[in-house]
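Several structures are given next for inspection.
Two complexes follow with subunit A in common, the first pairing it with subunit B and the second with subunit C.
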Partner chain A sequence: MEKFISIYWFLILILTAGGISAMVFAFYSHPYDVREAEAFILGEKVADCISNNGRINEWIEINKENKDDFLKKCHLNFNTEFKEQGQYYVKAEIFEINSLNDLNLDTDNLKVFFESGNPAIITHCKPQEEKEIEKLSKCSENVFYSLDSENNQYLIKILSIVKKTEKNTK
Partner chain B sequence: MRNKKAQVATATTWIVATLIIVVILTVFFYLANVLAKKSLLIEIKQEIISRGFSEEYNLFNVKTASAYLQTPENKKSVIDTWIKVQKIPLNKYIKS
Partner chain C sequence: MCQCIVKKPKNKKATILVENIVFIVLNIVFISIMVLFVYSRANGIMLLEESYAKNIALLIDSSKPGMEFYLDMEKAINRAEKEKWPIDQIVNIKDNIVTVKLSKNSEYSYSFFNNVNVIATFDKINKKGFYFYVDKYLNTT
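Let's turn to the complex of A and B:
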(Lines of atoms letter the chains of each structure in order from A and count residues from 1; the text may use other names and numbers.)
(Lines give C-alpha, C1' and ligand atoms only; values in the text may rest on other atoms or scores of the structure.)
Protein backbone atom coordinates (compact mmCIF):
# COMPACT_ATOMS: atom_id res chain seq x y z
CA MET A 1 0.00 0.00 0.00
CA GLU A 2 2.80 2.40 0.95
CA LYS A 3 4.53 1.63 -2.35
CA PHE A 4 1.31 2.51 -4.20
CA ILE A 5 1.00 5.78 -2.28
CA SER A 6 4.57 6.81 -3.08
CA ILE A 7 3.94 6.17 -6.81
CA TYR A 8 0.71 8.10 -6.48
CA TRP A 9 2.51 11.05 -4.86
CA PHE A 10 5.08 11.00 -7.62
CA LEU A 11 2.33 11.12 -10.26
CA ILE A 12 0.60 14.00 -8.48
CA LEU A 13 3.92 15.86 -8.33
CA ILE A 14 4.41 15.41 -12.08
CA LEU A 15 0.82 16.43 -12.76
CA THR A 16 1.08 19.60 -10.68
CA ALA A 17 4.50 20.60 -12.02
CA GLY A 18 3.33 19.90 -15.58
CA GLY A 19 0.16 21.92 -15.02
CA ILE A 20 2.07 24.91 -13.63
CA SER A 21 4.60 24.74 -16.50
CA ALA A 22 1.74 24.62 -19.03
CA MET A 23 0.12 27.67 -17.42
CA VAL A 24 3.35 29.67 -17.46
CA PHE A 25 3.98 28.65 -21.08
CA ALA A 26 0.43 29.57 -22.12
CA PHE A 27 0.74 32.98 -20.45
CA TYR A 28 4.15 34.00 -21.72
CA SER A 29 3.95 32.50 -25.21
CA HIS A 30 1.18 34.88 -26.20
CA PRO A 31 2.77 37.42 -28.55
CA TYR A 32 2.58 41.20 -28.18
CA ASP A 33 0.97 42.83 -31.16
CA VAL A 34 3.30 45.70 -32.01
CA ARG A 35 2.23 46.12 -35.63
CA GLU A 36 0.30 49.31 -34.99
CA ALA A 37 3.39 50.92 -33.46
CA GLU A 38 5.55 49.46 -36.23
CA ALA A 39 3.31 50.93 -38.94
CA PHE A 40 3.38 54.31 -37.18
CA ILE A 41 7.18 54.26 -36.85
CA LEU A 42 7.50 53.32 -40.51
CA GLY A 43 5.31 56.32 -41.36
CA GLU A 44 7.53 58.54 -39.20
CA LYS A 45 10.66 57.32 -41.00
CA VAL A 46 9.10 58.13 -44.37
CA ALA A 47 7.97 61.54 -43.08
CA ASP A 48 11.53 62.26 -41.94
CA CYS A 49 12.79 61.24 -45.35
CA ILE A 50 10.37 63.59 -47.15
CA SER A 51 10.44 66.65 -44.91
CA ASN A 52 12.76 68.04 -42.25
CA ASN A 53 12.52 71.19 -40.16
CA GLY A 54 9.30 72.15 -41.90
CA ARG A 55 10.78 71.99 -45.42
CA ILE A 56 10.46 69.34 -48.11
CA ASN A 57 13.81 67.66 -48.69
CA GLU A 58 15.79 68.58 -51.78
CA TRP A 59 15.83 65.14 -53.35
CA ILE A 60 12.08 65.38 -54.01
CA GLU A 61 11.34 67.03 -57.32
CA ILE A 62 7.88 68.63 -57.32
CA ASN A 63 5.93 68.25 -60.58
CA LYS A 64 8.51 65.83 -61.92
CA GLU A 65 8.40 62.10 -62.07
CA ASN A 66 10.58 60.87 -59.23
CA LYS A 67 12.02 57.77 -60.82
CA ASP A 68 14.60 57.10 -58.14
CA ASP A 69 13.94 54.17 -55.88
CA PHE A 70 11.94 55.47 -52.94
CA LEU A 71 13.15 52.74 -50.57
CA LYS A 72 16.81 53.44 -51.31
CA LYS A 73 16.36 57.17 -50.87
CA CYS A 74 14.72 56.64 -47.48
CA HIS A 75 17.14 53.87 -46.42
CA LEU A 76 14.33 51.39 -45.94
CA ASN A 77 14.55 47.64 -46.39
CA PHE A 78 11.34 45.63 -46.68
CA ASN A 79 12.99 42.20 -46.60
CA THR A 80 11.82 40.03 -43.71
CA GLU A 81 12.66 36.68 -42.15
CA PHE A 82 9.33 35.30 -43.38
CA LYS A 83 9.11 33.01 -46.39
CA GLU A 84 6.24 35.04 -47.71
CA GLN A 85 7.56 38.50 -48.60
CA GLY A 86 5.45 41.60 -49.04
CA GLN A 87 4.84 42.24 -45.35
CA TYR A 88 5.04 46.02 -45.74
CA TYR A 89 3.51 48.74 -47.84
CA VAL A 90 4.15 52.48 -47.86
CA LYS A 91 2.50 55.20 -49.90
CA ALA A 92 3.39 58.90 -49.70
CA GLU A 93 1.41 61.60 -51.47
CA ILE A 94 2.33 65.28 -51.58
CA PHE A 95 -0.57 67.66 -52.26
CA GLU A 96 -0.14 71.36 -52.95
CA ILE A 97 -2.56 73.59 -51.07
CA ASN A 98 -3.40 77.09 -52.25
CA SER A 99 -7.04 77.46 -51.25
CA LEU A 100 -9.57 75.90 -48.87
CA ASN A 101 -10.83 73.60 -51.66
CA ASP A 102 -7.39 72.02 -51.86
CA LEU A 103 -7.74 70.71 -48.31
CA ASN A 104 -9.87 67.83 -49.64
CA LEU A 105 -6.62 66.34 -50.98
CA ASP A 106 -7.95 65.61 -54.47
CA THR A 107 -5.81 64.04 -57.12
CA ASP A 108 -5.85 67.39 -59.00
CA ASN A 109 -3.46 68.80 -56.42
CA LEU A 110 -1.31 65.70 -56.17
CA LYS A 111 2.22 66.78 -57.00
CA VAL A 112 4.33 63.80 -55.98
CA PHE A 113 3.46 60.16 -55.40
CA PHE A 114 5.65 57.40 -54.00
CA GLU A 115 4.70 53.82 -53.38
CA SER A 116 6.58 50.73 -52.32
CA GLY A 117 5.92 47.27 -50.91
CA ASN A 118 2.97 44.94 -51.31
CA PRO A 119 -0.11 46.86 -52.55
CA ALA A 120 -2.34 43.81 -52.01
CA ILE A 121 -2.49 44.50 -48.26
CA ILE A 122 -4.17 47.90 -48.75
CA THR A 123 -7.48 46.05 -48.81
CA HIS A 124 -6.97 45.19 -45.10
CA CYS A 125 -7.28 48.83 -44.00
CA LYS A 126 -10.98 49.39 -44.67
CA PRO A 127 -12.28 46.48 -42.54
CA GLN A 128 -9.86 47.46 -39.74
CA GLU A 129 -11.46 50.93 -39.54
CA GLU A 130 -14.85 49.42 -38.81
CA LYS A 131 -13.76 46.66 -36.45
CA GLU A 132 -10.36 45.53 -35.22
CA ILE A 133 -9.53 42.20 -36.82
CA GLU A 134 -6.38 40.58 -35.45
CA LYS A 135 -5.55 38.52 -38.51
CA LEU A 136 -5.48 41.49 -40.89
CA SER A 137 -2.66 43.97 -41.44
CA LYS A 138 -2.38 47.11 -39.33
CA CYS A 139 -2.56 50.44 -41.09
CA SER A 140 -1.41 53.90 -40.09
CA GLU A 141 -2.39 56.99 -42.08
CA ASN A 142 -1.02 60.39 -41.14
CA VAL A 143 -1.08 63.81 -42.74
CA PHE A 144 1.28 66.66 -41.96
CA TYR A 145 2.06 70.09 -43.28
CA SER A 146 5.27 71.24 -44.91
CA LEU A 147 6.73 74.02 -47.06
CA ASP A 148 9.19 73.92 -49.92
CA SER A 149 12.17 76.23 -50.44
CA GLU A 150 9.90 78.78 -52.16
CA ASN A 151 7.34 78.78 -49.33
CA ASN A 152 4.77 76.84 -51.35
CA GLN A 153 2.46 74.93 -49.02
CA TYR A 154 1.95 71.18 -49.06
CA LEU A 155 0.06 68.53 -47.16
CA ILE A 156 1.84 65.20 -47.09
CA LYS A 157 -0.21 62.06 -46.59
CA ILE A 158 1.58 58.87 -45.60
CA LEU A 159 -0.04 55.47 -45.48
CA SER A 160 2.05 52.70 -43.92
CA ILE A 161 0.89 49.11 -43.53
CA VAL A 162 2.44 46.17 -41.68
CA LYS A 163 1.18 42.62 -42.18
CA LYS A 164 3.36 40.23 -40.10
CA THR A 165 0.35 38.41 -38.66
CA GLU A 166 2.36 35.23 -38.11
CA LYS A 167 4.62 36.85 -35.54
CA ASN A 168 2.18 39.18 -33.81
CA THR A 169 -0.94 37.09 -33.45
CA LYS A 170 -1.71 33.60 -32.23
CA MET B 1 -13.32 -6.98 6.73
CA ARG B 2 -12.76 -3.80 8.74
CA ASN B 3 -9.31 -3.39 7.17
CA LYS B 4 -10.78 -3.68 3.68
CA LYS B 5 -13.38 -0.99 4.42
CA ALA B 6 -10.65 1.29 5.71
CA GLN B 7 -8.61 0.66 2.54
CA VAL B 8 -11.60 1.50 0.28
CA ALA B 9 -12.21 4.71 2.26
CA THR B 10 -8.55 5.74 1.91
CA ALA B 11 -8.55 4.99 -1.85
CA THR B 12 -11.76 7.00 -2.32
CA THR B 13 -10.15 9.97 -0.53
CA TRP B 14 -7.14 9.84 -2.87
CA ILE B 15 -9.30 9.55 -5.98
CA VAL B 16 -11.41 12.56 -4.90
CA ALA B 17 -8.21 14.48 -4.04
CA THR B 18 -6.76 13.68 -7.48
CA LEU B 19 -9.93 14.83 -9.20
CA ILE B 20 -9.89 18.11 -7.23
CA ILE B 21 -6.25 18.70 -8.22
CA VAL B 22 -7.03 17.98 -11.89
CA VAL B 23 -10.07 20.29 -11.82
CA ILE B 24 -8.12 23.10 -10.12
CA LEU B 25 -5.24 22.75 -12.61
CA THR B 26 -7.67 22.81 -15.54
CA VAL B 27 -9.39 25.94 -14.21
CA PHE B 28 -6.05 27.69 -13.65
CA PHE B 29 -4.80 26.66 -17.10
CA TYR B 30 -7.93 28.12 -18.66
CA LEU B 31 -7.52 31.35 -16.62
CA ALA B 32 -3.86 31.62 -17.67
CA ASN B 33 -4.97 31.44 -21.31
CA VAL B 34 -7.66 34.06 -20.81
CA LEU B 35 -5.27 36.36 -18.94
CA ALA B 36 -2.59 35.92 -21.59
CA LYS B 37 -5.02 37.13 -24.25
CA LYS B 38 -6.30 40.11 -22.32
CA SER B 39 -4.09 40.60 -19.33
CA LEU B 40 -3.38 43.79 -17.49
CA LEU B 41 0.32 43.24 -18.04
CA ILE B 42 -0.11 43.11 -21.81
CA GLU B 43 -2.38 46.16 -21.76
CA ILE B 44 0.20 48.11 -19.78
CA LYS B 45 2.95 47.10 -22.22
CA GLN B 46 0.72 47.96 -25.19
CA GLU B 47 0.06 51.33 -23.54
CA ILE B 48 3.81 51.99 -23.27
CA ILE B 49 4.23 51.06 -26.93
CA SER B 50 1.25 53.21 -27.93
CA ARG B 51 2.54 56.23 -26.01
CA GLY B 52 5.00 56.74 -28.82
CA PHE B 53 2.22 57.72 -31.15
CA SER B 54 -0.03 59.54 -28.73
CA GLU B 55 -0.93 63.11 -29.55
CA GLU B 56 1.60 64.55 -27.12
CA TYR B 57 4.63 63.02 -28.79
CA ASN B 58 3.24 62.80 -32.32
CA LEU B 59 6.07 63.50 -34.75
CA PHE B 60 3.65 64.47 -37.52
CA ASN B 61 2.21 67.24 -35.35
CA VAL B 62 5.73 68.41 -34.49
CA LYS B 63 6.54 68.59 -38.22
CA THR B 64 3.33 70.52 -38.87
CA ALA B 65 4.16 72.98 -36.08
CA SER B 66 7.68 73.43 -37.40
CA ALA B 67 6.41 74.27 -40.91
CA TYR B 68 3.64 76.49 -39.52
CA LEU B 69 6.18 78.67 -37.71
CA GLN B 70 7.99 79.29 -41.00
CA THR B 71 4.83 80.02 -43.00
CA PRO B 72 4.54 83.68 -44.13
CA GLU B 73 1.66 85.52 -42.43
CA ASN B 74 -0.22 86.11 -45.71
CA LYS B 75 -0.37 82.36 -46.38
CA LYS B 76 -1.52 81.20 -42.97
CA SER B 77 -5.31 81.31 -43.46
CA VAL B 78 -5.60 78.03 -45.39
CA ILE B 79 -3.37 76.05 -43.06
CA ASP B 80 -5.07 77.60 -40.01
CA THR B 81 -8.37 76.12 -41.22
CA TRP B 82 -6.79 72.70 -41.75
CA ILE B 83 -5.20 72.74 -38.29
CA LYS B 84 -8.54 73.69 -36.75
CA VAL B 85 -10.35 70.88 -38.59
CA GLN B 86 -7.70 68.33 -37.64
CA LYS B 87 -7.76 69.58 -34.02
CA ILE B 88 -3.97 69.70 -33.83
CA PRO B 89 -2.95 71.26 -30.48
CA LEU B 90 -0.36 73.52 -32.08
CA ASN B 91 0.17 75.69 -28.98
CA LYS B 92 1.53 72.70 -27.11
CA TYR B 93 4.37 72.24 -29.61
CA ILE B 94 5.11 75.90 -30.23
CA LYS B 95 5.37 76.69 -26.50
CA SER B 96 7.75 73.83 -25.86
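Let's turn to the complex of A and C:
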Protein backbone atom coordinates (compact mmCIF):
# COMPACT_ATOMS: atom_id res chain seq x y z
CA MET A 1 0.00 0.00 0.00
CA GLU A 2 3.01 2.27 0.12
CA LYS A 3 2.37 3.17 -3.47
CA PHE A 4 -0.95 4.88 -2.72
CA ILE A 5 0.00 6.97 0.23
CA SER A 6 3.26 8.01 -1.31
CA ILE A 7 3.69 11.76 -1.45
CA TYR A 8 4.63 11.58 -5.12
CA TRP A 9 1.37 9.92 -6.02
CA PHE A 10 -0.66 12.66 -4.29
CA LEU A 11 1.50 15.28 -5.91
CA ILE A 12 0.74 13.88 -9.36
CA LEU A 13 -2.99 13.74 -8.56
CA ILE A 14 -3.01 17.32 -7.31
CA LEU A 15 -1.03 18.56 -10.32
CA THR A 16 -3.34 16.78 -12.78
CA ALA A 17 -6.51 17.96 -11.05
CA GLY A 18 -5.15 21.51 -10.80
CA GLY A 19 -4.12 21.54 -14.45
CA ILE A 20 -7.48 20.27 -15.69
CA SER A 21 -9.40 22.67 -13.42
CA ALA A 22 -7.32 25.63 -14.58
CA MET A 23 -7.88 24.74 -18.24
CA VAL A 24 -11.62 24.25 -17.75
CA PHE A 25 -11.97 27.55 -15.85
CA ALA A 26 -9.92 29.41 -18.47
CA PHE A 27 -12.01 27.98 -21.30
CA TYR A 28 -15.52 28.26 -19.86
CA SER A 29 -15.16 31.55 -18.03
CA HIS A 30 -14.50 33.27 -21.35
CA PRO A 31 -17.69 34.58 -22.99
CA TYR A 32 -18.61 33.62 -26.55
CA ASP A 33 -17.38 36.37 -28.85
CA VAL A 34 -20.04 36.89 -31.51
CA ARG A 35 -19.08 40.45 -32.50
CA GLU A 36 -17.38 39.44 -35.73
CA ALA A 37 -20.53 37.67 -36.93
CA GLU A 38 -22.64 40.58 -35.73
CA ALA A 39 -20.54 43.16 -37.60
CA PHE A 40 -20.69 41.03 -40.74
CA ILE A 41 -24.50 40.69 -40.54
CA LEU A 42 -24.83 44.44 -39.95
CA GLY A 43 -22.75 45.13 -43.07
CA GLU A 44 -24.86 42.71 -45.13
CA LYS A 45 -28.06 44.30 -43.86
CA VAL A 46 -26.90 47.77 -44.88
CA ALA A 47 -25.78 46.43 -48.26
CA ASP A 48 -29.24 44.93 -48.84
CA CYS A 49 -30.79 48.23 -47.84
CA ILE A 50 -28.68 50.23 -50.33
CA SER A 51 -28.68 47.90 -53.30
CA ASN A 52 -31.01 45.15 -54.47
CA ASN A 53 -30.35 42.82 -57.40
CA GLY A 54 -27.36 44.91 -58.47
CA ARG A 55 -29.34 48.18 -58.57
CA ILE A 56 -29.18 51.04 -56.10
CA ASN A 57 -32.49 51.35 -54.25
CA GLU A 58 -34.77 54.21 -55.20
CA TRP A 59 -34.84 55.85 -51.77
CA ILE A 60 -31.18 56.84 -52.14
CA GLU A 61 -30.81 60.25 -53.70
CA ILE A 62 -27.43 60.68 -55.35
CA ASN A 63 -25.63 63.91 -54.47
CA LYS A 64 -28.09 64.68 -51.68
CA GLU A 65 -27.94 64.47 -47.93
CA ASN A 66 -29.75 61.25 -46.87
CA LYS A 67 -28.29 61.01 -43.39
CA ASP A 68 -31.39 61.46 -41.21
CA ASP A 69 -33.36 58.61 -42.69
CA PHE A 70 -30.55 56.11 -42.73
CA LEU A 71 -31.35 54.07 -39.58
CA LYS A 72 -35.07 54.22 -40.24
CA LYS A 73 -34.79 53.31 -43.92
CA CYS A 74 -32.54 50.35 -43.15
CA HIS A 75 -34.70 49.23 -40.19
CA LEU A 76 -31.87 49.40 -37.69
CA ASN A 77 -32.13 50.00 -33.97
CA PHE A 78 -28.88 50.80 -32.18
CA ASN A 79 -30.32 50.80 -28.64
CA THR A 80 -28.71 48.18 -26.43
CA GLU A 81 -28.91 46.72 -22.94
CA PHE A 82 -25.67 48.51 -22.03
CA LYS A 83 -25.70 51.60 -19.81
CA GLU A 84 -23.23 53.20 -22.17
CA GLN A 85 -24.86 53.48 -25.58
CA GLY A 86 -22.88 53.82 -28.81
CA GLN A 87 -22.08 50.14 -29.22
CA TYR A 88 -22.50 50.24 -33.00
CA TYR A 89 -21.22 52.27 -35.90
CA VAL A 90 -22.00 51.98 -39.57
CA LYS A 91 -20.77 54.01 -42.53
CA ALA A 92 -21.71 53.66 -46.18
CA GLU A 93 -19.98 55.48 -49.03
CA ILE A 94 -21.17 55.40 -52.63
CA PHE A 95 -18.51 56.29 -55.21
CA GLU A 96 -19.23 56.89 -58.86
CA ILE A 97 -16.80 55.06 -61.15
CA ASN A 98 -16.21 55.08 -64.89
CA SER A 99 -15.35 51.41 -65.14
CA LEU A 100 -14.13 48.57 -62.96
CA ASN A 101 -10.62 49.14 -64.34
CA ASP A 102 -10.63 52.72 -63.13
CA LEU A 103 -11.41 52.63 -59.42
CA ASN A 104 -10.73 56.15 -58.29
CA LEU A 105 -12.19 56.26 -54.79
CA ASP A 106 -11.43 59.83 -53.78
CA THR A 107 -13.74 62.47 -52.36
CA ASP A 108 -14.53 63.93 -55.80
CA ASN A 109 -16.24 60.70 -56.74
CA LEU A 110 -18.03 60.30 -53.42
CA LYS A 111 -21.69 60.77 -54.28
CA VAL A 112 -23.49 59.61 -51.16
CA PHE A 113 -22.31 59.29 -47.57
CA PHE A 114 -24.26 57.76 -44.68
CA GLU A 115 -23.08 57.43 -41.14
CA SER A 116 -24.75 56.39 -37.91
CA GLY A 117 -23.79 55.21 -34.43
CA ASN A 118 -20.72 56.00 -32.39
CA PRO A 119 -17.90 57.38 -34.62
CA ALA A 120 -15.41 57.18 -31.73
CA ILE A 121 -15.03 53.43 -32.25
CA ILE A 122 -13.67 53.83 -35.81
CA THR A 123 -10.23 54.17 -34.25
CA HIS A 124 -10.47 50.52 -33.13
CA CYS A 125 -10.24 49.21 -36.70
CA LYS A 126 -6.80 50.38 -37.78
CA PRO A 127 -4.75 48.66 -35.00
CA GLN A 128 -6.50 45.37 -35.78
CA GLU A 129 -5.48 45.24 -39.42
CA GLU A 130 -2.25 43.49 -38.47
CA LYS A 131 -3.12 41.82 -35.18
CA GLU A 132 -6.44 41.01 -33.56
CA ILE A 133 -6.93 42.78 -30.24
CA GLU A 134 -9.76 41.29 -28.20
CA LYS A 135 -10.56 44.36 -26.13
CA LEU A 136 -11.23 46.52 -29.18
CA SER A 137 -14.38 46.64 -31.30
CA LYS A 138 -14.81 44.27 -34.24
CA CYS A 139 -14.91 45.76 -37.72
CA SER A 140 -16.21 44.44 -41.00
CA GLU A 141 -15.78 46.06 -44.42
CA ASN A 142 -17.78 45.22 -47.56
CA VAL A 143 -17.13 46.63 -51.01
CA PHE A 144 -19.45 45.89 -53.91
CA TYR A 145 -20.48 47.13 -57.33
CA SER A 146 -23.92 48.41 -58.31
CA LEU A 147 -25.76 50.38 -60.99
CA ASP A 148 -28.45 53.03 -60.73
CA SER A 149 -31.61 53.30 -62.81
CA GLU A 150 -29.67 55.17 -65.53
CA ASN A 151 -26.92 52.51 -65.63
CA ASN A 152 -24.32 54.72 -64.00
CA GLN A 153 -21.71 52.63 -62.23
CA TYR A 154 -21.02 52.84 -58.50
CA LEU A 155 -18.76 51.21 -55.98
CA ILE A 156 -20.29 50.94 -52.52
CA LYS A 157 -18.11 50.70 -49.45
CA ILE A 158 -19.64 49.75 -46.11
CA LEU A 159 -17.88 49.77 -42.77
CA SER A 160 -19.71 48.21 -39.82
CA ILE A 161 -18.38 48.11 -36.27
CA VAL A 162 -19.65 46.39 -33.12
CA LYS A 163 -18.22 47.24 -29.69
CA LYS A 164 -20.05 45.27 -26.95
CA THR A 165 -16.73 44.35 -25.31
CA GLU A 166 -18.30 43.88 -21.86
CA LYS A 167 -20.34 40.90 -23.01
CA ASN A 168 -17.90 39.35 -25.46
CA THR A 169 -14.53 39.54 -23.77
CA LYS A 170 -13.25 38.72 -20.31
CA MET B 1 -2.12 -28.85 3.52
CA CYS B 2 -4.04 -25.76 4.31
CA GLN B 3 -1.69 -24.69 7.08
CA CYS B 4 1.19 -25.12 4.72
CA ILE B 5 -0.16 -22.48 2.39
CA VAL B 6 -0.93 -20.07 5.20
CA LYS B 7 2.55 -20.46 6.56
CA LYS B 8 4.19 -19.49 3.32
CA PRO B 9 6.25 -16.30 3.79
CA LYS B 10 3.80 -14.07 1.87
CA ASN B 11 1.07 -14.56 -0.71
CA LYS B 12 2.86 -12.19 -3.08
CA LYS B 13 0.69 -12.75 -6.13
CA ALA B 14 -2.48 -11.99 -4.16
CA THR B 15 -0.94 -8.81 -2.71
CA ILE B 16 0.10 -7.58 -6.14
CA LEU B 17 -3.37 -8.24 -7.52
CA VAL B 18 -5.11 -6.39 -4.66
CA GLU B 19 -2.69 -3.47 -4.99
CA ASN B 20 -3.33 -3.22 -8.71
CA ILE B 21 -7.09 -3.41 -8.30
CA VAL B 22 -7.07 -0.66 -5.65
CA PHE B 23 -4.77 1.40 -7.87
CA ILE B 24 -7.06 1.02 -10.90
CA VAL B 25 -10.20 1.75 -8.84
CA LEU B 26 -8.64 4.91 -7.42
CA ASN B 27 -7.66 6.03 -10.90
CA ILE B 28 -11.17 5.41 -12.21
CA VAL B 29 -12.64 7.36 -9.28
CA PHE B 30 -10.25 10.23 -9.92
CA ILE B 31 -10.96 10.33 -13.68
CA SER B 32 -14.73 10.12 -13.04
CA ILE B 33 -14.56 13.09 -10.67
CA MET B 34 -12.64 15.08 -13.27
CA VAL B 35 -15.08 14.17 -16.06
CA LEU B 36 -18.05 15.14 -13.87
CA PHE B 37 -16.37 18.42 -13.05
CA VAL B 38 -15.74 19.23 -16.74
CA TYR B 39 -19.32 18.18 -17.63
CA SER B 40 -20.85 20.33 -14.89
CA ARG B 41 -18.83 23.35 -16.06
CA ALA B 42 -19.72 22.76 -19.72
CA ASN B 43 -23.43 22.59 -18.91
CA GLY B 44 -23.42 25.46 -16.45
CA ILE B 45 -26.57 27.54 -16.30
CA MET B 46 -24.76 30.80 -17.12
CA LEU B 47 -23.10 29.28 -20.15
CA LEU B 48 -26.40 27.92 -21.50
CA GLU B 49 -28.19 31.24 -21.00
CA GLU B 50 -25.41 33.17 -22.72
CA SER B 51 -25.09 30.86 -25.71
CA TYR B 52 -28.84 30.70 -26.36
CA ALA B 53 -29.36 34.46 -25.94
CA LYS B 54 -26.54 35.27 -28.38
CA ASN B 55 -27.70 32.60 -30.79
CA ILE B 56 -31.26 34.00 -30.84
CA ALA B 57 -30.01 37.60 -31.23
CA LEU B 58 -27.86 36.66 -34.25
CA LEU B 59 -30.71 34.72 -35.84
CA ILE B 60 -33.04 37.70 -35.45
CA ASP B 61 -30.37 40.04 -36.87
CA SER B 62 -30.15 37.92 -40.03
CA SER B 63 -33.91 37.55 -40.47
CA LYS B 64 -36.53 39.48 -42.43
CA PRO B 65 -40.24 40.04 -41.72
CA GLY B 66 -42.34 36.99 -42.58
CA MET B 67 -39.63 34.52 -41.61
CA GLU B 68 -40.10 31.91 -38.93
CA PHE B 69 -37.40 29.80 -37.37
CA TYR B 70 -37.27 27.01 -34.83
CA LEU B 71 -34.51 26.73 -32.26
CA ASP B 72 -33.89 23.42 -30.51
CA MET B 73 -33.42 24.33 -26.84
CA GLU B 74 -33.62 20.89 -25.26
CA LYS B 75 -30.60 21.44 -23.02
CA ALA B 76 -32.01 24.72 -21.72
CA ILE B 77 -35.47 23.21 -21.20
CA ASN B 78 -34.05 20.27 -19.23
CA ARG B 79 -32.08 22.66 -17.08
CA ALA B 80 -35.06 24.92 -16.45
CA GLU B 81 -37.14 21.90 -15.42
CA LYS B 82 -34.42 20.92 -12.96
CA GLU B 83 -34.43 24.45 -11.57
CA LYS B 84 -38.27 24.43 -11.43
CA TRP B 85 -38.47 27.46 -13.71
CA PRO B 86 -41.55 27.58 -16.03
CA ILE B 87 -40.29 26.39 -19.42
CA ASP B 88 -42.58 28.63 -21.46
CA GLN B 89 -40.90 31.63 -19.82
CA ILE B 90 -37.34 30.74 -20.79
CA VAL B 91 -37.18 33.20 -23.69
CA ASN B 92 -38.42 36.76 -23.42
CA ILE B 93 -38.05 39.38 -26.16
CA LYS B 94 -38.74 42.97 -25.22
CA ASP B 95 -37.98 45.87 -27.55
CA ASN B 96 -34.73 44.75 -29.16
CA ILE B 97 -33.37 42.72 -26.26
CA VAL B 98 -33.47 38.92 -25.91
CA THR B 99 -33.44 37.54 -22.39
CA VAL B 100 -32.90 33.87 -21.61
CA LYS B 101 -33.75 32.84 -18.06
CA LEU B 102 -33.31 29.29 -16.79
CA SER B 103 -33.70 29.77 -13.06
CA LYS B 104 -35.10 32.20 -10.53
CA ASN B 105 -31.73 33.79 -9.81
CA SER B 106 -30.08 34.02 -13.20
CA GLU B 107 -30.70 35.46 -16.66
CA TYR B 108 -28.74 36.71 -19.66
CA SER B 109 -29.72 39.50 -22.06
CA TYR B 110 -28.30 40.43 -25.45
CA SER B 111 -29.51 43.07 -27.90
CA PHE B 112 -30.11 42.81 -31.65
CA PHE B 113 -29.99 45.70 -34.14
CA ASN B 114 -32.63 44.47 -36.57
CA ASN B 115 -35.65 46.68 -35.85
CA VAL B 116 -38.28 43.95 -36.06
CA ASN B 117 -41.10 42.71 -33.89
CA VAL B 118 -40.39 39.09 -32.94
CA ILE B 119 -42.85 36.72 -31.32
CA ALA B 120 -41.32 33.81 -29.41
CA THR B 121 -43.59 30.81 -28.78
CA PHE B 122 -42.81 27.65 -26.86
CA ASP B 123 -43.23 24.43 -28.84
CA LYS B 124 -45.98 22.87 -26.70
CA ILE B 125 -46.21 19.70 -28.79
CA ASN B 126 -42.62 18.44 -28.76
CA LYS B 127 -41.51 20.51 -25.75
CA LYS B 128 -38.00 20.72 -27.18
CA GLY B 129 -37.64 24.30 -28.39
CA PHE B 130 -39.08 27.66 -29.34
CA TYR B 131 -40.59 29.09 -32.52
CA PHE B 132 -39.59 32.63 -33.46
CA TYR B 133 -41.83 34.51 -35.83
CA VAL B 134 -40.44 37.72 -37.32
CA ASP B 135 -43.61 39.76 -37.63
CA LYS B 136 -42.86 43.19 -39.10
CA TYR B 137 -40.45 46.12 -39.09
CA LEU B 138 -40.97 48.57 -36.24
CA ASN B 139 -41.02 52.32 -36.71
CA THR B 140 -39.20 53.18 -33.50
CA THR B 141 -35.42 53.66 -33.49
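Here are a few things to note about the model shown:
By definition in this document, the second predicted complex is superposed on the first by the 134 of 170 C-alpha atoms of A that agree within 3 Å, B and C clash if a C-alpha of one lies under 4 Å from a C-alpha of the other, contacts with A are read in each partner's own complex, and residues count from 1 in each chain.
The definition used in the following text is that a contact is a pair of C-beta atoms (placed from the backbone, for glycine too) under 8 Å apart; a residue touches a chain by one contact, two chains touch by 3 or more.
Source: prediction; values computed, not measured.
Applying the stated contact rule after C-alpha superposition, one finds that A:N151 touches subunit B and leaves subunit C untouched.
By the touch criterion defined above, A:N79 lies against subunit C but remains apart from subunit B after alignment on the C-alpha atoms of chain A. Of the two partner chains placed by superposition, only subunit B is touched by A:I12; subunit C is not. Looking at the shared chain after the overlay, A:I41 reaches both subunit B and subunit C. In the superposed model, A:S21 makes contact with subunit C only, not with subunit B.
Within the superposed three-chain arrangement, the count of touched residues of subunit A is higher for B, of the candidates subunit B and subunit C. Of the two partner chains placed by the overlay, only subunit C lies in contact with A:L71; subunit B stays clear of it.
In the superposition on chain A, contact of A:Y32 is made with both subunit B and subunit C.
Taken together, the two complexes place residues 1, 16, 24, 28, 32, 34, 37, 41, 44 of subunit A in contact with subunit B and also with subunit C. Across the complex, subunit C is touched by residues 1, 3-4, 13, 16-17, 20-21, 24-25, 28, 31-32, 34, 37-38, 41-42, 44-45, 71-72, 75-82, 87-88, 167 of subunit A. Partner subunit A is touched in their complex by these residues of subunit B: 7, 14, 18, 21-22, 25, 28-29, 32-33, 35-37, 39, 42, 45-46, 49-50, 52-53, 59-61, 63-64, 66-72, 75, 78-79, 81-83, 85-86. The touching residues of subunit C, counted against subunit A in their complex, run 19, 22-23, 26, 30, 34, 37-38, 41-42, 44, 47, 50-51, 54, 57-58, 61-62, 95-97, 109-111, 113-116, 137-141. Interface residues of subunit A, counted against subunit B in their complex, comprise 1, 5, 8, 12, 15-16, 19, 22-24, 26-30, 32-34, 36-37, 40-41, 43-44, 47-48, 51, 53-55, 97-100, 102-103, 140, 142-147, 151, 153, 155.
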